[in-house]
Structure formats: structure tokens, C-alpha cells
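These are the structures in question, set out in turn.
Next come two complexes, and both contain chain A; in the first it sits with chain B, in the second with chain C.
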Partner chain A sequence: MNNLLIPVLLIILAPFIGGLVYGFERIVKARMQRRIGPPLLQPFYDFLKLADKRRMIVHSAHAFFGIMHFVSLWFAVGVLLMGGDLILVVFLHLLSSSLMILAGYSTRSIFSHLGANRTAMTLLAYEPVLILIAVSIYLVTGSFDVSSVYKMDQPLLYKLPLAFIALLLILPIKMKKSPFDVAEAHQEVVGGVELEFSGIFFEAVYTAKWLDYVFCYTLVYMFAGSNVLLGIGLMVFTFLYLNALDNSSARVNYRQMLRFSLGVACSLAFINLLIHSIF
Partner chain B sequence: MKLASFRKKSPWILHYNAGGCNGCDIEILACLAPKYDIERFGMINTGNPKQSDILLVTGPVTKRSRERLVEIYDQMPEPKVVISCGACASTGGVFRGMYNCEGGIDQFIPVDVYVCGCGTRPEQIIDGVVQALGILEKKTKELEESVRLSKKPVQEGRQLNRRNIADEIKPLVS
Partner chain C sequence: MYSFIAGIFILPVIVSGLLLFLPSKAAKILVIFSAVVLSAISVYLFIQVDQPFYFSVPHYINEIVAGADILLLLYFGFVAIRKKSLLVGVMTVLQLGGLLYLLKILPPAESMQFMVDKLSAAMFMLINIISGIIAIYSLRYIEEEDCSSFRKKYFMSIMFWFIAVMNMIVSSDNLEYFFLFFELTTLASFLFIGFRKDQESVGNAITALWMNQIGGLAILVAIFFIHYNGYGEATFSNLLTHGSATGILLPLAFMSIAALIKGAQMPFSKWLLGAMVAPTPVSALLHSSTMVKIAPFIILRLSPVIKDTPVATVIIALTGFVFVAAAVVSLSQDNLKRILAHSTIGLLALMIMMAAIATPVTIIASLVLILFHGISKCMLFLNAGVLERVFHLKQTSDMDKLGEVGPYTSLAVTIGFMSLLLPPFGAFVGKWLSYLTLGAFLQEQRVFGALVIVFVAIGGAVFSLLYFKVMGTLISRTGNNDHIEFEHTGKIYKTIINLLMVMIVLCMVGLPYLLTHLFSPVAADLVGSHIPIVTEGWNYYIGAMKLPMVPLLVAFFLLPVTIVAAMFVQFKKVDRAKEYMCGEKINYSFSSFYFTTDKAAPYFSTVGILFFIALIAVALI
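Right, the complex of A and B next:
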């Protein structure tokens, strides 16, 4: 009972936790630039304000895709936190991203189309690495279940250090952080796929972004296994690393991004897999 | 707790240059930079009309940009406020009377706050935005609703008469 209570609570509170992380991240990012930054609860203020705006939709399917993107992402987070099948998690996540791409293609705005194209490119960039990581976890623990990772006596990090580095390399792509933020690129394509959403429907997309934070940091935490202190350390390290990288780098184009992720991150994960299965 | 009180806490800004000299645009960007840092009030420069609350316009409306200006204004969901930033957006400024410019944006869209100065200062822009926030909080959706200003055409015999279909303008009660 008790070990079910914490994941269920975490799942229910996931958007809230993600919002707090996002608010904190905005402060940290501002402090890195020697600014003061917005208050911690700023994402929630944005949320409440957006609820008040007039509702405008392009067409009903577009709004529906946006909401389903949020729902399926929540499912992915739920399965991940309950210790379910990692392959299922990866594919639920893929589903949520593809719903967003569909939403992007379903309007007639060219910015939305460009954003959808680029989001598809980022999918191509990080999805193989996620699957490779899932396969290496299978080879280490003998099961695709996330809960088997927490049952191991040794943290996953010691067994799969290169896979963790590969995860660190693709996280900026996944969370749309610079230098790999071609999909969102606020100055070029004005937010890409989320461009045509407004008011309460943008809220679904905006909160999905918070859920993404929970998703990514849970993936990072997974590498510490049952070691809670190491897990927290890894999450803090990833947080600082992501923000420092976001603040200090300029955007690369999607070809460079693909070359980097498929060339470096994917091969790192693969080498780790090979080393583990040979020795 | 009313939702309207949160409008003040997260105003998202859309910035449009209707053909100015770029002086005011640079000052707007200076507001975002570390010295003035308007992000601490929760303001973001979104660049997306469908998600923003405040329209910051600079520049006299050139004949090319006026349709875009009106279109951008239309795309913003209510409640919204418009700030005209700089002398040339308010009156035409140094461009007044030129063959390619209209003078001032208020000929095309309703303006809530005028910020003066040719090259407005970042402090003035922040003051203007703060004043606009007060207006934004008071605005209600009814006030912004588009009203139909025409009646139905009248069938007269075999003809559809479209003359005299303008509706009288009722005063808006707040």
C-alpha cells in the first residue's frame, strides 16, 4: 500500500511538480544571466491567465490533438512512475509527440508546418537513443520493467555510464533547449507547432511542457536505481547542466543536430550496449 | 480569487514594428536585458499574437504594414491592450506627412496607452506597460466583443435592398 501511495501521488501531482521545476528553472536561468527573474509561481500565474482568455480554435481536431498530446504524455509519465514497461513508456511518449506533429500539420500556417517538420526531425534524433537505452536496461536487468531497475543492488549508472552520457546529450533535444531548440525556435518559427494554439487550448500544450520535465528527470533518476542520494545528485547535476548549456550556446541547424545525436549519442549508447553484452 | 487579477501577473508581449527606424525596438529589447529585466514581472516577449496580451507597436504605419497590423490585432484573443511606443507610432513623428506612411497607429486600431519620445526610454516603456496592465485588469470580455454594425438587408418586392442597413451605434455600458 505504502509503496503504491508515493507513485500515485507523484502522478497526480506531476503537472504541479513540473510547473514548480519550470518556475525554478526560469529563476536559475535568469540568475545565470545576472537578472532577477520571475517569481517561482510564475508558470501558474500564466496558467490562470490563459484560462481567462477568449477561446479561439483553428478547427476542433487541432484543439483535440493538443489536449490528447497532454493526456498521452501524462500516461507516459504515469507508466514510468509506476515502474511499468520502459518500451511502453517510450512509445507512449512517441505517440504524444506525433499527436503534436499531426496538430502542426493540420493547420494551414506555414510556421506550424515548419515546426511540425522540425519536431519530426527531433523525434528522429532522440528516439533511437531512448530505445537503445531501454534495450541496454533489458540486457542489464533481464526485464523491460522500470521497477526492476530499482530492485538492483547496484545503481544503473555504474553499469551503463556511457548510456547515461548519451541520455544527457539527447535531453536538450527532448526538452527543446538550446543548442538543439530548432523545433521551437522562438525567433525563427515562433514556437513551431504550438503557434496556432491559444487560450485554454494552449494551456494543454503549456502544461505538457511541465510534464516533460517530470518525464526527463524521472529518466535521469532511474539511473541511480535504489540509491536515493545519488538520484537526487544526478537530477541536480542534470538541471544545472541543462541550464548552463541553454544559456551558453547558440542554436545549431537540424542537420547538425541529427548528425550529432545519431553520430555521437547513439553510438555512445551502442558502444555501451556492446561492451556490456560482450564482457 | 478572481481570474482577472492574474492578468496583471503574466502579461505576454507581442512586439510589432510597423515601419519605424528601429530605435524604439532596440529600447524594447533593452527592457528584456539584465539592466531592466522586465521578466521579473512575468512578461515574456512571445512573438505570437494568439498567445499574447499586450501589443507593443512601434513605427508610423507604412502603407505596406497597415493590413498586417490590423490582422495581428485581430488575431489576439481578448482581453488585450495596445501600447503605441514612440512618437512616430503615436502621431507619425518624423515620418509625418510622408508619401509612404500613414501617421500613427490609432487610425487603424484602438490604442490604450501612448508612450512618447523619439527613441522612448526603457523606463518610459516600463511605465507605459504598467499603466496598460491597469487597463488590462479592468477590461471585461463584453467590452471587447465585436458588435455587428449592420442590420439584415431588406427584401423589397423582388429586390434585396442593402441600402440603409447600418445599425445605430449603441453606447457600450461597462
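Right, the complex of A and C next:
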């Protein structure tokens, strides 16, 4: 009973936790730039403000896709936290992103289209790496289930160090951080795929980003296996790394991103797979 | 049972003959009637066939088969002279020489020529049901074709004759018979592709002819080696009993080459890509239920002996490569039919790969892919026909208004693409099983297995990118058209597309049932042992493979229902806003990324040729 309680609580609170991480991230990022930054709860204030705005949509299907993006992402996070099949998790995550891409394509808005195109490119960049990591985990544990990782006596990190580095390399793509924030490119493509959402309907897309934080950090935590301290250490390290990287690097274009991710990150994960399967 | 099998062979031939003479009203009734009867027989046969059922035909049929072979080759020779095609000529001479030599040295056949087992029966269902649906659709399509009324009858006639040949090829055990039917399917594709008689059609038909003739030649070589190595008669069942005999790799390699060519694997993908110049039902027929499905069929048939041989290794490497290459090249395509053709090549590669790995679960994966790909591709191609005829659209980049003018067709195409790609549709399940089993394969094959997984993962991601690109264009609309009204495309078109959509949904909902009652028995028959499929707690087990049920079920509701519902959902009491245009008032043409990946195609062909050389080389060593 007890080992079910924590994941269920985490799943229910996932958007809230993600929101807090996001708020904290804004503070840390600001401090790195020698600014004070917004209060910790700023994302939630924004949330409340958005709820109060006039309701406007481009068309119903578009708004509906946005909402379903949030729902399906939450479900993917749920399966991940419950220790489900990792390949399925990757696919569910692909599914939720695909709904966002479809939302972008479904309007006749230039920037929305541009954003959708770029988001599709990021999918192409990180999906193979995630699948490779899943397969590596299968090799180590003999099962695709995430829960099997927590049952190992040794943290996954020691067996798959390169796969972890590969994960670190694709996380900026996933979380839209510089130098790989091609999907939204801060202001350059006017918000990209999120552009045509507003008010209460933007809320879904906005909180989905918080869920993405939970998703990514759970993936990181997974590499620590049953070692809780190491897990927290890894998450803190990843957090600092992502923000330092975001603050200190310039954006690359989507070709460079693709080349880097498929060339370097994918190869790293592959080499790790090879090393593990040979020895 | 014998009479039913005879029926499934002979009925389409009779229908084919009758269609040449009957007036169009009567032809319509006959086509619909025989499609239903053939489907019913195939389902009945699948239920009835339990043990492999061997039967022979009278002795004089052997002579007829040999005669038909020679006549057919003479016809090909005639084509070569008339169209001045050197390649067809060379192939024909080689084939004819080989055939005459074999007829001279081979002893007369003693054993049964035909064998119907679970696999054949499953193929019967695919062939007869899907082709029947396509035939009914063609009634309407061909009416609008710009050609004489006799050629319209002729078109329907070849279609049924093709169905008959396909039924025979999947049940022939004797390789000489198999060769004849193989060549007859080649002939059918030649006639179909050249149907429109313009220069491009004729050129592509010739390409299809000589490429497939190489496949026929490979079968002759395989027969020769079976005889030369002294295995006795050239039959599939005889080949299967010689699993560990010396020199077995050569006939296997040549049979695989025949399969890979029929399956349009690189560098032989050109013939299938060229087939799109024919009327659209032809593409639907070639891609979904007939012709290319011979490829995974041959490999599945031979899977017990091919398994774990160097031949299998090369086939797996080749198909892994083709899966990525087809995906990459398809990114540069804009024509809907070309996109579909490339995805056929890619998915065929996956089917052949699964069949060549030949563990119980991969065989199930291969079968799942064969069936679901058949239904999905059939529906997509028939929709491409509707788009062409009703909306006059061929390029995907022109389809961005389809969501407004033809929401029904746009929905149907979207569902078709989803069923190729996403959970919980069958093709997805097939792909997912592939990943899961490749993991297990990796533990045995190490480095090689890892490479294959990388290929499948990247190819899968590129295909998803492509499908989203197309799906995105199809569903776009503006706030003015929030309320949709389905368009009328015509009675036959609409009935057929509806039927196929219902079939997709039924197959999806009934997947657990299909797994236990359709796929698992067939696979068990092939691997020779029972594959347990059980439900335990929240999981579903296929052999040792575990599928979590709850997430799969939720995924089922989430995705398809979302995309279908998005068509109908309406938010009331919410204001509509115009899209943000950054203050510009220009008319912007919406398009996706254009990729120029087709430049890589020649390189891919070269690599493909190297793989084919490797296939023969490993068999020789």
C-alpha cells in the first residue's frame, strides 16, 4: 500500500510540483544573471491571471487539441511514475507532443505552423535517443518496466553512464532550453506552436510545460535506481546544468540541433549499448 | 474442404472470364456477389484448416503448367521485341534457358503440388476480403476512367484473375508451380501498370517487368540448387525438412532474393514506386493485399530454416537499412501516392525483418503488420483515389483546404495515417512488438542487434515526422468553418470507405481476440509449438512478452478519440479570433519543411545492391 501511495500522490500533484520547479528555475536563472527574479509562486499567479482573461479561440479543434495535449501528457507522466513500460511511456509522450503539433498545423497561422514544424523536428531529434535508452535499460534489467530499475542493487548510472550523458544532451531539446530551444526560439517565432492559444485555453498548454518538468526529472531520477540520495543529487545537478547552459549558450538552428542530437547523443547512447552488450 | 479450395481458385477465374462479356449492370452485381462469396469462403477455410492440408492435381496439369510457363515467357519475349527493351529480353532468354534446362533434368513431380495451412488460409482472408473491397470500389473508379468500355471490362477482368493467381501462389507447395504463379503476378503487375498506355506507364511497366523477372530467375536458380544438392523434390515442405543439410543456404538465399524483389526492397524499390502511374485501385491492390505481401509470405514460409542463418542476418541488416532509407527518402515527397508507396516499402522491410528473426513473438508481429497494413493501406489508397477523382488533388501541399471542403475524406485519411502510426492501432502494436522483441534479439545477437534497433528507432521517428506533416495539412481550418458538414463523394466510395473504417475499428477493438484466434494459431503452426497468450492481473502475455493492458486501453481512448472528436467538438460562448499575422496582410502559403533527401536515393540503391551481393556471398561461403 505504502509503495503505491507515493507515486499516486506524485501523479496527482505533478502539475503543482512542476509549477514549483518552474518558479524556482526562474529565480535561479535570474540569480545567475544577477537579477532578483520573480517570486517562487509567480507561475501560479500567472495561472490565475490567465484564467481571468476574455475567452478567445481560433477554432474549436485547435483549443481541444491543446487540452488533450495536457491530458495525455499527464497520463504519460502517470505511467512513468507508476513504473510502467518505458517504450510505452516514450510513445505516449510522442503522442502528447504530436497533439500539440497537430494543433499548430490545424490553424492558418504562419507562426503556429512554423512552431509546429520546429516541434516536429525536435521530436525527430530526441525520440530515437529515448528509445535507445529504453532498450539499454532492457539489456541491463531484462525488462522494459521502469519499476525494475528501482529493484536493482546498483544504480543504473554506473552501468549506463554514457546513456545518462546522452539524456543530458537531449534534455535541453525536450525542455526548450538554449542552445536547443529551436521549437519556440524565445520571441523569434512569436511563441511558435503556442501562439494561437490564449486565456483559459492557454492554461492547458502552460501547465503541460510544468508536467514536462516532472517527466524529465523523473527520467533523470530513474538513473539513480533505488539510491534516493544519488537520485536527488542527479536531479539537482541536472537542474543547475540546464539553467547554466540556458544562460550561457546561444541558440543553434534546427539543422545543427538535428545533426548534434542524432550524431552525438544517439551515438553515445549506442556506444553505451554496445559496450554493455559486449562485456 | 477440397471443393472450397477449388472454389477459391476457380471462382475468380470464371468471374474474370465473365466480366469480359457481361454488360456493366450485370458485371456490377457479379463483382459484388463474388467478392462476398470469396470473402466468406476464405473465412470458412481459415476456421476449417487445422492441420496442413496437402492435395495434388491430375498429372496432365504438370504438363499444362510447363506449357503455360513457356507460353508466358514467349509473351515476355514478344513484349521485349515490341517495346525494344533489352533488359526484358535478356531476362526472358535467361529464364527460358533455365526453365527448359530444369524441365529436362528434373524428374516428374511425385508429391502433392498444393498445401494449404493456417498461413495460407490467413493470406486467403487478406487477399480475398481486401481485394474484394477494392474490386467493388473499382467499379465506380473505372467508370470515370478515360478509356474504351472494353478496356474497363478488361481492367475488372484482370483484377479477378489476379486474385485467383494470388490464391494459388499462397497455397502452392511445389516450387515449379510457385514459379508459374510468381511469373503470373509479374504479368498482372505489368498489365496493370501499363494500363493507361501513355509513355510513362509503359516505361514503368517495363521496369516492373524486368525487375520481377529477376525474382523469377532467382526461383529457378533455387530450384536448380535444390535438385543439384540432392534434396529431392523442389517443394517448400521438402526444403523445410532439410534445415541442417549442407548447401541449404544457396536455395534459401535465392528464394529470399525473389521475396525481396517482390517486396520492393532497395535497390528494387523502383518498380513499386513506378506503379503509381496506374489507376489508383491498382496501387491499392498491389500495396495492400496482393503482390508485395508475397515477400513476407515467402520469408514466413521459410522462417523455420532461415532462422539464425547468415542469410537471415543479411536479410535483417538489409531490411533495417531499407526501413530508414525509405523513411528518409519519403520525407522529400509531396505526392500523396508516393508518400504512401515509400511507407509501404518501409513497413514491408519491417515485416520481412520480423519474419526473418523468426521467434514466436516476431512472427506474430509480422502477421499483425501484414494484416493491419493491408487494411490501412487499402483505405489510404482508396482515399487517394477519391481525392483525385472528387477533389482533383494529388499533392499533399495542395490539401490544406481539404479540412473545410471535404471534412469526411480528411477524417478518413487522418484515421488511415493514425492507424499506420499510433497506439493503439494494429500497425502500432506490430511496431511495438518489434521493439520489444528486438530487445530480446539483442541479448542473443549483441552488436548486430543493437545496430538494427538504432535503425528501427530512427526510421520510426522519421516516419512519424512524415505522417504528422501530412495529417497536419489535412486537418487545418479556420474559425469561420468551425461547424463541419460531411461532403458527398458518391455512394460506392462512401460505402467502401465507411466499411474500411469500421474494419479498422473492429480489428483494433478485437485485437485481443484476433491475437488468440488468428495470429497466435498461425504463428504456432509456423514455429511448431503452441504460443500461450494469457491475461494475468493487469498484464497481457504473449509468450514471454508482457503487454500492460490499462495504459494501452487508455491510449486507445486518448488518441483516436481525440483526433476524431476534434472534428466535432464545439466550444460555445467563446469568441473566435483571427490568426495573428504580425500585422501583415499578404496571402501566405502554408507548407511544411521541404526536404531534399531524395538526393540520397542513388546512394541507397548502391548500398542495396551491396546487400544483395552479400546475400549471395554468405550463402556461397
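In this text, the second predicted complex is superposed on the first by the 279 of 279 C-alpha atoms of A that agree within 3 Å, B and C clash if a C-alpha of one lies under 4 Å from a C-alpha of the other, contacts with A are read in each partner's own complex, and residues count from 1 in each chain.
Assume a residue touches a chain if its C-beta (ideal position, glycine included) is under 8 Å from a C-beta of that chain, and two chains touch if they have at least 3 such contacts.
In this text the structure is predicted, and so the values were computed from the model without any measurement.
One of chain B and chain C touches more residues of chain A, and that partner is C.
Once the two complexes are laid over each other on the shared chain, residue contacts for A:F270 go to chain C alone; chain B is not touched.
In the superposed model, A:L157 lies in contact with neither chain B nor chain C. Legend: residue contacts after superposition of the two complexes on their common chain; A:M100 is shown touching neither chain B nor chain C. In the overlay built on the shared chain, the residue A:V182 is in contact with neither chain B nor chain C.
Within the superposed three-chain model, A:L123 lies in touch with chain C and out of touch with chain B [touch as defined at top].
In the superposed pair of complexes, A:L195 makes contact with chain B and with chain C alike.
Contacts of A:I173 after superposition: neither chain B nor chain C is touched. When the shared chain is aligned, chain B and chain C each come close enough to touch A:R55. In the superposition on chain A, chain A positions 54-56, 190, 195-196, 198 are in contact with chain B in one complex as well as with chain C in the other. Interface residues of chain C, counted against chain A in their complex, comprise 400, 403, 422-423, 428, 432, 435-436, 438-439, 442-443, 446-447, 449-450, 453-454, 457-458, 460-462, 464-465, 468-469, 471-473, 475-479, 481-482, 546-548, 551-552, 554-555, 558-559, 562-563, 565-567, 569-571, 573-582, 588, 590, 592-593. The touching residues of chain A, counted against chain B in their complex, run 26, 30, 33-39, 42, 45-46, 48-56, 186-187, 190-191, 195-199, 202. Residues 54-61, 63-65, 68, 71-72, 75, 79, 84-85, 87-88, 91-92, 94-95, 98-99, 101-102, 104-113, 116-117, 120-121, 123-124, 127-128, 131-132, 134-135, 138-139, 143-144, 190, 195-196, 198, 262, 266, 270, 273-274, 277-278 of chain A touch chain C in their complex. Remark: chain B residues 3-4, 6-7, 9-10, 12, 34, 37, 39-42, 46-48, 50-51, 53, 77-79, 141, 144 touch chain A in the complex.
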